[in-house]
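The structures considered in this document are given below.
Each of the two complexes below includes subunit A, the first together with subunit B, the second together with subunit C.
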Partner chain A sequence: MSAPAVAIADPAVRAAFREWLLRVADDELTIGHRHSEWTGVGPDIESDVAMSSIAQEELGHARLFYEQVAGDDPGGADRLAYGRAPDDYRNAVLLELPNQGWEFSIIRLALYEAYEGLRLGLLARCGQEPVAGLAATLGREERYHGLFASTWLERLAGAPHGDAGGTAGPRAKVQAALDAAWPYALGFFETTEADEVLLGAGVLTQPAAQQRESWEAAVRPLLARCHLTVPVAAPRDGGRRGLHTADLTQLHREMTEVWRSDPEARW
Partner chain B sequence: MVTAAQSALEQAVWDVLCSVEDPELPIAITDLGLVRDVRVENGDAVRVRLVPTWTACPALAVIRGRVRDGVRAIAGVREVSVDYTYDEPWTMERMSARGRRQLEAHGLAVPACRFAEPPVCPYCGSADVAIDSLFGPTLCRSTYVCRHCRNPFERFKPPAEPAAP
Partner chain C sequence: MDESWVQTLQAAPDIWAVFLQARRRDAHVYVGDVHASDAEMALLLAKENYARRDPCVSLWVVPARDIRATSGDAAEMFAPVTDKSYRFGGSYRQQQRVYRGGYQTAAADGDETR
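What follows is the complex of A and B.
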């Protein structure tokens, strides 16, 4: 592991950047675990392998961001990933929700990947090495996840097949999934004082409202192509402040089980 | 000033690096282009920086371990550090011509530069192919089928081009 990454002199900015990086890592960790639940039970062998690969990549990316936060502290990245209580996690609530069918997982993947691409772009321009270089590198990997999501979405909901436009077809299921996921997806853009601090310091170059605009500009054309209607809904947030659902408690219990069995183990 | 002893040690380190293969592909890490640089400090401390192809690849830890063990076994080496660096992303240009030939001999289709190039069947050379899955048996491979000779094949998958800013 390289030297402590978050080497910002101002302690308030350093703490804010640390919080931001934890959001990124916690997002990747929780969605990675949720994706991994498709291993062995995906709708076809290719999707099974794809979701498992995406899960593997997201967990790998989470590790890299935890390492950035932990610096040279041995075992620090694992303690951040698995040694905290659920209300210490800063992931968006959308990512902890259970997989409610394939349509929901694909919608969630599409919404999240668009956000992640944008966020990695912001981090690549944050002026802090090695985080900026890392973000630029990861952005090139994430693009395949978005491609997988949009391909599936267009097949499920976009093609003019059968009664896809009707109430019983696959598109209706995707629409229901979008209705369920959208308010939580708006929780990506929840802010805390950390955002203000980072904007003031020039580490973050786009306020949350503008991030949301960029994100909507990316996802709305895809959803429109799939004949899906974006619901009008208030954000369901809380995750960035540690307010989570019981689903995270369940996920946390499961994903920390091995680590808790021997926190000092070396792999 | 670079002494003769220092350059002999650097050469020995490169010899080790050339002997380390990617555990998932029959190619040396030097031909794959994973080695960013080698530095010898104070005559006996070796620092190796590597560039990952895919950052979540489970082979990375194996490669790092093999490099560390190999360099540590060189006479006169007191200290070894092996780190992955992200300041310059890995691209296809880093792969050597020999490495490319080795992967092709192994049966993989290998794009010249980018994933977005039209794929070519490694068996019959036809461009009439269809992607089966973006995600193959490892993070760096996708699977295809050839419509012409009807064989399935795998293609090396580099990380995507950077998105437009």
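What follows is the complex of A and C.
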């Protein structure tokens, strides 16, 4: 049992905390939907099932965080998930991009899970229940997601089980996927005024620059083990301020279709 | 040596047999196969394909081609010819406890008493 929710007294901090939770939920919702697009067309039936399972879990996590934001409002979590316009979403742009190929989805999953693990750690130390307890529990499920990504990535990139190198081999495709994903991944660390407020209130205990350092310390050894080169690139962000690509508009249209057919329905 | 009753399973090299242990001290039970390039990948895929619904505390994976099996025509060796009911001993709980267990992996070697 988690402790009862204690409302943050300061409205500015409360709004900033809400924004943080929406980033988490929107991240999980968008990547969950993208992963679910592999259902039925994965590279093999086993990985198809596993990726679909990961997709379900990400959507489940999204729901838990939407519920935290919605509070006692009945149907509020669904309205947050499906009833907002695309520019109200606060997910990092990386997570809304189409799958493109299995190697892109695997690279994205690896980069995202390293970040997600770090962020759940920060949420677990935010001092706000029940969010902190929730974050500590979810970390256990995310561990498999990270393992799935790194195990697949090592094999796609040919390490340590032989050489898949060369310029046309699988590793070249993985490198191209990393080159495409990396600048967007740096968008995880985009900040708004909310970050300052949360840091000032002690709810957030690590500034974005340090988060990025911790994240790079986690992903760089994996990428090096896979003989992949980390590109030098400026962040492609905007998501935390609601600036998204047309890919989110397409994804949004598709994932909200059922909800829009009857917004008042109880599921 | 007569090995006519021993056979190797006919399986592709990327087929791994999956054994699931539902509770500590239970035997690992064969539940199906996965296609995988190596043992780590086989365990990774087995986890989501066989342990996502039912209880599980441990998985084994074994290359299906490494399994040795009795051949089909050996089946009659298993059929009793005379009454063997004196061997059954189904009501002996100690015997049941000994039969359970089998090989334990490091993680499953708890301090539970039998």
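Brief remarks follow.
Here, the second predicted complex is superposed on the first by the 256 of 267 C-alpha atoms of A that agree within 3 Å, B and C clash if a C-alpha of one lies under 4 Å from a C-alpha of the other, contacts with A are read in each partner's own complex, and residues count from 1 in each chain.
Assume a residue touches a chain if its C-beta (ideal position, glycine included) is under 8 Å from a C-beta of that chain, and two chains touch if they have at least 3 such contacts.
What you see is a predicted model; the values in this text were computed from it and never measured.
Superimposing the complexes on subunit A yields a three-chain arrangement in which subunit B and subunit C clash.
With both structures placed on the common chain, the touch criterion links A:L64 to subunit B but leaves subunit C unconnected. Contacts of A:H244 after superposition: neither subunit B nor subunit C is touched.
In the superposed model, A:V49 makes contact with both subunit B and subunit C. Of the two partner chains placed by the overlay, neither subunit B nor subunit C lies in contact with A:R119.
Between subunit B and subunit C, more residues of subunit A are touched by B. Of the two partner chains, neither subunit B nor subunit C is touched by A:R34. By the touch criterion stated above, A:L134 is placed in contact with subunit B alone, subunit C being left untouched.
Contacts of A:R155 after superposition: subunit C is touched, whereas subunit B is not reached. Once chain A of one complex is fitted onto chain A of the other, the partner contacts of A:Y144 extend to both subunit B and subunit C. Across the options 42-50, 60-68, 78-86 or 150-158, subunit B meets subunit C in a clash only at 150-158, per the superposition defined above.
Overlaid on A, the two complexes show subunit B and subunit C touching the same residues of subunit A, namely 46, 49-50, 53-54, 144, 147-148. For subunit B in complex with subunit A, the touching residues are 52, 54-58, 83, 85-90, 132-137, 139, 143, 157, 159-163, 165. Residues 44-47, 49-50, 53-54, 144, 147-148, 151-152, 155, 161 of subunit A are the ones touching subunit C in the complex. Contact residues of subunit C toward subunit A in the complex are 34-38, 40-41, 44-45, 47-49, 52. Listing the residues of subunit A that touch subunit B in their complex gives 1-2, 46, 49-50, 52-54, 56-61, 63-64, 117, 121, 129-130, 133-134, 136-141, 143-144, 147-148.
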